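What follows is a set of structures to go through.
Look for subunit A in each of the two complexes below; its partner is subunit B in the first and subunit C in the second.
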Partner chain A sequence: MNVVVTPAMLGQVVISGILSGALYAMVALGLALIFGVMRIINVAHGPLLMLGAYATYFLSTAVSMAMLFVVGVLLERTLVFRVVDAPELSSLLLTFGVSIALVNLAQLLFTSDLRSVEYLTGAWVVGPFALSKSRVVAFVFAGALTGLAFLFLGRTKLGKAIRATSQSREVAMVCGIDVQRIHLVTFGLAAALAAAGGALIAVIVAIQPEMGQIWTFKSFLVIVLGGAGNYPGALLGGILLGLIEQVASLFLTTQLSEVVAYVLLVAILLVRPTGLLGGRQT
Partner chain B sequence: MTTKALAALITAIGVLAGGLPAAAQGPIRIGASLSLTGTYAKLGNYQNEGYKLCAKQANEHGGLLGRKIEFVVYDDQSAPSTAVRLYEKLITEDKVDAVIGPYSSPVTEASANVTEKYKKVMVTPLAATTSIFKRPPDKKRYYLFMVISPAEAYLEGLVDMAAKRGLKTIAIVNEDTLFAKAAGDGAAELANKRGMQVVFREGYPKGNQDFSAILTKIRAANPEVLAASTYFDDAIAITRQMKELNVNPKMYGITVGGDLPEFYDLLKQNAEYITGATQWETTLPYPGNREFSDAYKKEFGREPVYHSAAGYAGCVIYLEAVKRAGTLDSDKVRDVLLKLEMKTAFGDFKVDQDGFQTAHKMVTTQWQDGKKVIVWPDELANGKLRFPTPPWNQR
Partner chain C sequence: MSRHVALAAPVAVALALAAYPVVASGYEVRATLQIFMWIVLAGSWNLISGLTGYVSFGHVAFFGAGAYAGAILISKAGWPWLAAALVGGGAAVLLALVIGYPCLRLKGPYFAIAMLGLNEVLRALVSYFEGLTGGGNGLSLPTLDATVPIYYVMGLTAVAVTVLTYLIITSRFGLRLMTIREDEVAAEAMGIDTARHKLYAFLLSAAGPGIAGALTARDQGYIEPISVFPLATTITMIVMVLFGGKGTVWGPVLGAVVLFVAQEVVWARYPYVHPLLFGALIVAVVLLMPRGVLGILQVRYRLPRTI
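So, the complex of A and B:
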């Protein structure tokens, strides 16, 4: 009953792993931004992604990202700013509450029925490999958006200000950076990245109110693997998680692949608590 | 209930009551705990409507043993522990005359301990897990009766049709939970019996959305048949990802979910050729099925689902057994139920010595041009199986 793993199969899962890894990286980048700049663990990241998926379903990806940017800004201005300097438990509790509220709101508004975007189904067959059309497109977009986000962080004044705040809030303030505004933009940007994730995921899996939570967990895993607050680390962590999941499912079983990912998480926390690329040096 | 049944009922009452004025007695109260809120709310309410319709019709035809029937229903919020408490209350405090089953296997499993303790016959229309009924001799349940087909039968149609078409290899995947695993086991056993080789078998965790690796392995194993024991979300994900990874078995069947209209709504033409399994359909030519569906639509303003029909049938079966026994006495009703062979709107009823259902047939459906066609078993089919399934790029 056991299937012998051939190089072609390994190649196929490596492709699958990299394709989904890029998505993980993009979604996790949002979480890493918020953590890096505000020291807040945003448990509502996944549910924001879910909202983004619904917005894409009803409207379009661009509108979805813009809307979620606004939602992020509003969340920051009304609630999140209150816990920025509070102990980490406060921010956990607050965002956990927001997360529950968002999921239930979505159930109320959209019901729990599954929705799906039947767009670009099927595969391009290249030799022994099948490349899922929707996943390749999601990969390209995720790559492009992540690239843009890095350009923004590296080249623009606002992006540099965000990184400066992330390195040291006090020094940033002394240099005349409006930290409040940076927090606002960061939260909005992170929510927009989650929305983009939701939009791209919507063409891969069905949309439903509880689709987001798993992405919160995956994003955590990614930023811990890569190094919390380290933005290139999120990229590495994302691709790594995608590969680990797929390769472990191939050699073991799908049940065990999750175990492998989390065992690795514990191992990294023990051996290299700052993540593979270390934390906060951006 | 037919006029003939009514006549039989009146005769039975005449014999039993010996002229006792029927109206002098109060109604027969049948107690049930149902999942009216919580996880199973939708389905528990369907079952409740089945009970209600059954009671209403029976009362219109003179009731049972000359008495009216009244249901006493409490909400267990889909929690087995609450149901246990409610059956205890129904039997000891409310002193109901009879009980009938709750919704789902887990709730039945817990509640049956109470009803057994008080030696109450319980027909439980919506428990499909074999282990509830098939137990070691010292833990045998004497008063519990099954109505729907067991989980192991869900993929029987797919395997049977494949074997008849000379297919030799099958891959089986299932969600790693009690019911889905049992359905997968059933398929594996049937396939072996029919001389097919199970070339791949794997479970996946509940809530799994990424099937790339599993499907890569399946593609390498290259089975002629793929059987997936699913719920709904996973069935959608597996189907979409099969197309993404270009996995092309000659037959592909799923269990729960494949018969729902939403399945086609979501997958559109990608749902074509896929078979699903169901306990019951409105279109099945069972005696009284059309009448049941019409009455149900009139009463509740919507189409019945199998949970409604099973609830209705469970109640009809219990009433029939009481009628034949001429008494509510548990042991006498039990003796009748063990021998009863009956056709209801839900299909055949017959149980073995463990109260385990042996006669009810699952049906297998296939999506054909957006319509759900019953393709198995032959005697209930209203169309032919489209076979073989063409590769994805030729659909």
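So, the complex of A and C:
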């Protein structure tokens, strides 16, 4: 493929990259929170996002986030807390089992039909750039929610307790933090962030039960990019992934954008396994 | 006495299975062939995940890679299927080397998630290189009725994977792998080159699925991206190993036979409920009987570790 890249095209790509990057950052922040606090990679993160998308389709975004918060808390309370200190094998397999169950439950309940939320269609034209309305709305929403989440983590007592737990569970306990409760809240919060992601994705593309898995992978890629356990890193990683995917789509077909993301993951693990910002500074 | 039985029983079963195609119907041969395939897949997954403790969520990628390597050699280069199957195994091992080298140097879930993505990536690549793979239209192989010879080769592969597991479990190499599984830091402190051992286990675990993939491609005569890279296949092999008992020699065999028969007899009637049950089964086994059926029997009846 021979492409002549004009400055306008490059600008368009950068804008689209940042627009989708905010969404990546928000979804990945959920995964990063659980990993930071509980040392668990929640393989069901993507399927939770899928549930959030369906809840938005049938109800509304706010209800969807509230519902998924509850689902997250229930999941932690009934299953996940049992494997917090178990070897990685257990937590990975357990959340994998949950994710399969969720996907197939969705297939039973909602069938595999593609559904889409018609909310905002078309694009705003600003100078030489076209901004898809739904993507801009998703960006604003995701940016606002991510900002709120960081405010919550940075300023509130509960947020500080979450960060303390992720730095050292023992010391947090000594300081009088109820670690079990922090685990619950973190899981609920992460599920709510996933639900928000699902809601915004539902506006952009059609949804179906198997849409989730790729989001587990992408969120993981984002936290690897930024440094696992490093919350601001998730923000940087999200924007980076968005940019890289868009730039890649300029030179390659969109089919290969997943391949690019994958090669990126392997390359980072080879060169800088602690992520770009280094791991575990909260 | 018991040692003679332990040796004689598998040999008798193997002989009976070798004679089986003479008396069995086409369907029965095919079903048994499928069981062999699942033994290969589950047994191979057991090597990296059950024995070494590194969960692979994308093991079907090696099955698919082998299937495509084999099918391309057969249809485009006119290779005999047996040679193509061996190269299919080789291709899967090569792929495992490329993925395993960066991902297995690290501890933690990097490997698991990298494997989760691998499958999607291969599917995208296969769709992209249409000239070679036929893309979404799939790849047809020249017609050839070779189900019975493939039955034997697949059976031999299943035996090879099981014997290999036995040899590993009874060797120093196997002990090192299990040490990594139990406590990787301690393993390193004892002087085990963990990265290299994990990589060896991973390479061994890729060969079987590659061969099985190429054999399956030849037997079915047609492959497409959806048919050789389904996540469901990975799920099934994981469930089989967990159910039978991870890290054991016969656990994957037991899991493959029991769950395949259950799938054919009962669950085939409820196509959507059955993967849902598999998900629930994984959760239940992890929480309630993490050692699987054989693990429980081993503890209760003090059976040797090498079962």
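Things worth noting here:
Quick note on the criterion: the second predicted complex is superposed on the first by the 276 of 282 C-alpha atoms of A that agree within 3 Å, B and C clash if a C-alpha of one lies under 4 Å from a C-alpha of the other, contacts with A are read in each partner's own complex, and residues count from 1 in each chain.
The rule is simple: contacts are C-beta pairs under 8 Å (C-beta built on N, C-alpha and C of every residue); 3 or more make two chains touch, one makes a residue touch a chain.
Predicted model only: the values in this text are computed from it and were never measured.
With both structures placed on the common chain, the touch criterion links A:253 to subunit B and to subunit C.
Of the two partner chains placed by the overlay, subunit B and subunit C both lie in contact with A:214.
Contacts of A:122 after superposition: subunit B is touched, whereas subunit C is not reached.
Residue contacts after overlaying the shared chain place A:156 against neither subunit B nor subunit C. Once the two complexes are laid over each other on the shared chain, residue contacts for A:60 go to neither subunit B nor subunit C. When the two complexes are overlaid on their common chain A, residue A:105 makes contact with subunit C while staying clear of subunit B. Of the two partner chains, subunit B is the only one that A:245 touches; subunit C does not reach it. Contacts of A:96 after superposition: subunit C is touched, whereas subunit B is not reached. By the touch criterion defined above, A:205 lies against subunit B but remains apart from subunit C after alignment on the C-alpha atoms of chain A.
Under the contact criterion defined above, the residues of subunit A that touch both subunit B in one complex and subunit C in the other are 214, 253, 255, 258.
On the subunit C side of its complex with subunit A, the touching residues are 49, 53, 55, 57, 99, 101-103, 105-106, 108-110, 112-114, 116-118, 120-121, 124-125, 127-128, 181, 231, 235, 238, 242, 272-273, 275-276, 278-283, 286-287, 290. On the subunit B side of its complex with subunit A, the touching residues are 176, 198-205, 207-214, 216-217, 219-221, 232-233, 236-237, 240-241, 243-246, 262, 266-268, 270, 392-393.
Residues 41, 43, 79, 82-83, 87-90, 92-94, 96-105, 107-108, 213-214, 216-217, 220-221, 224, 253, 255-256, 258-259, 261-262, 265-267, 269-270, 273 of subunit A touch subunit C in their complex. Residues 1, 3-6, 8-9, 12-13, 16, 20, 113-116, 118, 121-123, 125, 130, 132-135, 204-206, 208, 214, 245-250, 253-255, 257-258 of subunit A are the ones that touch subunit B when the two sit in their complex.
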